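I've put the structures underneath this note.
Two complexes come next, and they have one chain in common, chain A, joined by chain B in the first and chain C in the second.
Let's look at the complex of A and B:
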């Protein structure tokens, strides 16, 4: 029987935070957007992290399947990445003239990412998805952008919807939304808006929230690629979330096509703050002509961390490693659910698995199960895909499955089968 | 930006839709109609209408024009909105002999309603007043969400992402209501739903009123544990976006 966690200190700190920070913790790591149901089941602030674990301010240890929502791919505080970052910090980080680590990092990305002829660095995923859109518009002299419903490409106004606070009609008037995996609908939009579409932007597969994640249908990407080529439309792959967890050469490579522009962040440097836009040669001059920069974008420490991270990911063959770990976990969770008569769905790539108890379409049962797992030390979320990291051990997976089973047993007791 | 058509729907069904509850909760309002048996029809040119019935201390509303003793027709949404904000004096097309109800009791009723919905700044408010104000606001907001979700262009965008189901809204220890979505069309249920796909519960009347008055934010309150959400949270999320528009229309 697992120890049940409480979060008194988290609550104390949250009350303190709420006085001076809007909503206490804003964004996806906060209790509202993070869908903490019920909120008292979840830790709100961490104290430290190591490997595949983090500890909250109450001293509870969690096996962490969110990995800071993706950046932690090798394990928190990976010694090789941290050593490279520390060595660079002694030499200099944010300096008037950039360090040549920037070139080393760009060369490494060009050698690693299949569609990359160059690399441009920034800080967050949103920086590079926005650059990709601007570059597509600058190159094509067109306005319209096609999105697949259920997308997430960041927080700039163009990525949001007309009903979001602070977004005006003009921000999104050139956005066109089509259904994922619906090639015919996409082709119709291209026909209707001939010579108007600057780019198609998409994640490599549909990892939307509150729904089973959906892989591309056979030939979907190949047909989309061809359509974009025929219409001189730029194809942008937002690999911020899935990047390096499917294929080190890029998720477009994994699904057998080539993007014109590909966006990376999250797993790029194991938590050090850097993002990258990589692209094909024909867009390089366009990018050169653009006014796009930031105070910390050429800092050298994250570049050094990124180099060490990519080199280690190559040594470990990380996509295969994470997919193997994900598959073991997936089977264990499915078996645990089945033992107590629950129809657990595990969708998406095993290295980025999404969970849903399908017995209850309202997700309330699922939320109850997730909360009981979190209370016992397995940090899952009830709305978002999860992330596997390399430090996750066989023991961690076994403990996760045991806790998941205990939570299933409790749920069955509360909700007997009719 | 407010759209006159949407505002008219909000005024017709959400604001005037509070009169039945007002007559239940406020003794002065109840006494005004205690010996009355009369109905008032409100009709806007495109066919949108409502009928208010006052019968021996009770009031009810139908979201259509049925048999009525007094009928007030409006040639435009703006003119109907003008009646609500006091800039247009309506002229009945039926019920001239009963017009005194309109000028006396009905006007007094709407004045009482206004005092609750838009209280004078600085005027002392006792616990009973605050309770009634909160319950009326809860009723108004529930109806307004449905009206805007069907009529306001931006709110319709939010409603287009709401999957079928009932989103339960409640105040702990107080009333429950629901927004029912069917094919992205919203309707308000001013009672506890039999089943629901998502829920948003305010911890008490005080907190609910603070939220309705814009003094606190629902996202912040979720973290504080003062607002409980669950189920299909995407439904609650999109409903909250409509709620922001309701605040803009009521502001």
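Let's look at the complex of A and C:
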């Protein structure tokens, strides 16, 4: 039997945090978002991290399947990436004139990413999704944007929902929402709004929260690509979350089509702070004509880290490695669930798997299972996809499956089959 | 006579950059923005930086008065800030659960910044100006935003101009623009749009580009503050550029009033990548209710750097130190100009001084003078305020004045007085 973790120091620190920080911890890493329920099962503050693990402030170690919500792809504190970053830091980071590491990084992305003729760097995924839709509007002289329901493209007003705090109707009045994988519906929207659609923005597959993740149907992307081309509409792929966990050449390449603009962040530099928009040559002058910058955008340390990260990802063929690890874990979890009569659904790409126990539409059974895994040192969350990193070992996976099985067994004891 | 710098390697690298990066170098650090003319006088890429200097790729050393456009406040590679950051990096930076350094940093800002009851961290100045206006709209249930002409609050659509590429009319249709220091005009706008104005957003004084910088008139801010209070309008101070170079308690405190929300970035962590929104308690729940986050926002290294930076700024009383250095430089530049009959205007705060030779409305004479300073190792730019950092020595200032005088002498030789 596993040792059961408690989180007294996390609770204490959260009370401190709540006094001086709105929500205490905000965003996807905070308890308010709904991925961390029941709250008392989860640690709230980390003390340190290394490889595939992090330790919380109560001294508990977790096998980490969230990877800081994506950035940790090679393992925390990867020695190659950290060495490249440290060497650059000695020379300079945020300096009045940029370092040529920026050019090296752009050249490497152009060599690596299939649709990339150029690269533009910023700091958040949101910076580059916003640049993408502004560029599409500037290039097409049109206003409308098509989204797939279940999307997430950041936190700027244009991409939030009308009922979210701080959003006004003018922010989102040109947004059109269609169902994922429904080509006919999309084609109807194009027919209805001929010459009005600036861009389609989409994740490479539907990896939304609170829903089983859904891969594209065969030929879906090829038909969408053709529709966009026929209507001179810019096709934007938001690869912030999935990027480099499916294909180093871009997730569009993985699914056999070519985006006009593609957005990267997260895994781009193993946690160093950088994002990138890459795109086709026909949009380069448009980007050049725009007023778009930020205080730290040309800092050299994240460029050095990004170069080291991409070179290592190429050397190790990271997407294949992560998919293999994910497949082993997936099979182990399915077997463990089935042993105790639970209908576990594992959806999405294996390197970004989404979990749901399908036996209970209230989600309570699923949340109970996740909580028992977390209390034993496997950091899953309830209603968000997970992330695999390269430091995750066979032993980590075996231990994860053993703990998952223990949690299933406990659940079955509490909820006997009729 | 000074050695005259050339920039062959910068040109070579720029040709490389232009192939794979839109504009080659974009934003305020790029030659396209208009601050770097004549382009051939300026270096485009740096090789390293230390203290008050950076070296370009041709090996030229510059006394740097742009400070990476603000972030460098203590000197490049400050040993105390870098040591705190390196210690945190060994433990972890971007981790699934945040580090308690986030709480320490928030508590320190609440202790330091006069109007701060809480702090919220992000990555760009733009992240926090956008959060501020969204929070004001959410709190007031109003749409209109008042700006002062000449403002810069980032690059989100809501804050760009209607004629900028990628901006649509709906982005800016609730924006109202008034003249800086014109209280009567502001009061008229409030009277006309009663119960419609969500917020006033403003820099603490007018430090816009291509204009002499202008401090607030006596009582201007006190009257604006009162007007906002009477109309339940949120007063947002954008202290991204001026922050910590006037007053560690906030530039609102320097000018004797209290903002409802204040935005920091740049000098907050001496170049480490973090921004902050601080504000009053009555807006804390509104911020908590918003959906606002990003991939690297809870990373611990910039928090550790920010703590070390603020503690050192307090220890050294940095604003006073920078204002003193700025005043010595200002007097030296004025004397040097006047010796050769040039009417140099030095405006704004001495720690953020703006330069203009007033003898020539075409600006060509000014650009010629700046170019001759840059060619001799003093990095000024043409139409943007400058920044003083704490590593700038008496010798640096003396050398700067000597070079400025040499440039004035050359200018007078080329353009004899009639």
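FYI, the second predicted complex is superposed on the first by the 417 of 418 C-alpha atoms of A that agree within 3 Å, B and C clash if a C-alpha of one lies under 4 Å from a C-alpha of the other, contacts with A are read in each partner's own complex, and residues count from 1 in each chain.
The rule we apply is simple: contacts are C-beta pairs under 8 Å (C-beta built on N, C-alpha and C of every residue); 3 or more make two chains touch, one makes a residue touch a chain.
Only a predicted model underlies this, so the values are computations on that prediction, with no experimental measurement involved.
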Could you say whether A:383 touches chain B, chain C, both of them, or neither, answering first, second, both or neither? first
Check the residue A:158 against both partner chains and state whether it touches chain B (first), chain C (second), both, or neither. second
Between chain B (first) and chain C (second), which does A:37 come into contact with in this model arrangement: first, second, both, or neither? first
Touch check for A:364: first (chain B), second (chain C), both, or neither? first
One more residue to check, A:331. First (chain B), second (chain C), both or neither? neither
Please work out whether A:66 is in contact with chain B alone, chain C alone, both, or neither, and reply first, second, both or neither. second
With both complexes overlaid on chain A, does A:210 touch chain B (first), chain C (second), both or neither? first
Check: chain A residues flagged as touching chain B and also chain C 22-23, 25, 32, 44, 164-165
Tell me, which parts of chain A touch chain B in their complex? 11, 14-15, 18, 22-25, 30-33, 35-40, 44, 161-165, 209-210, 361-364, 367, 383
Touching chain A in the complex, chain C uses residues 13, 16-17, 19-23, 25-29, 32, 43-50, 54, 56-57, 62, 64, 66-72, 76-77, 82, 86, 89-100, 102-103, 106-107, 109-110, 117-120, 123-127, 130-131, 133-135, 137-138, 143, 154-158, 160, 164-168, 170-171, 173-174, 240, 265-266, 271-273, 275, 284-299, 302, 379
Residues of chain B that touch chain A when the two form their complex: 154-155, 157-158, 165, 196-198, 217-220, 222-225, 228-234, 238, 241-242, 244-245
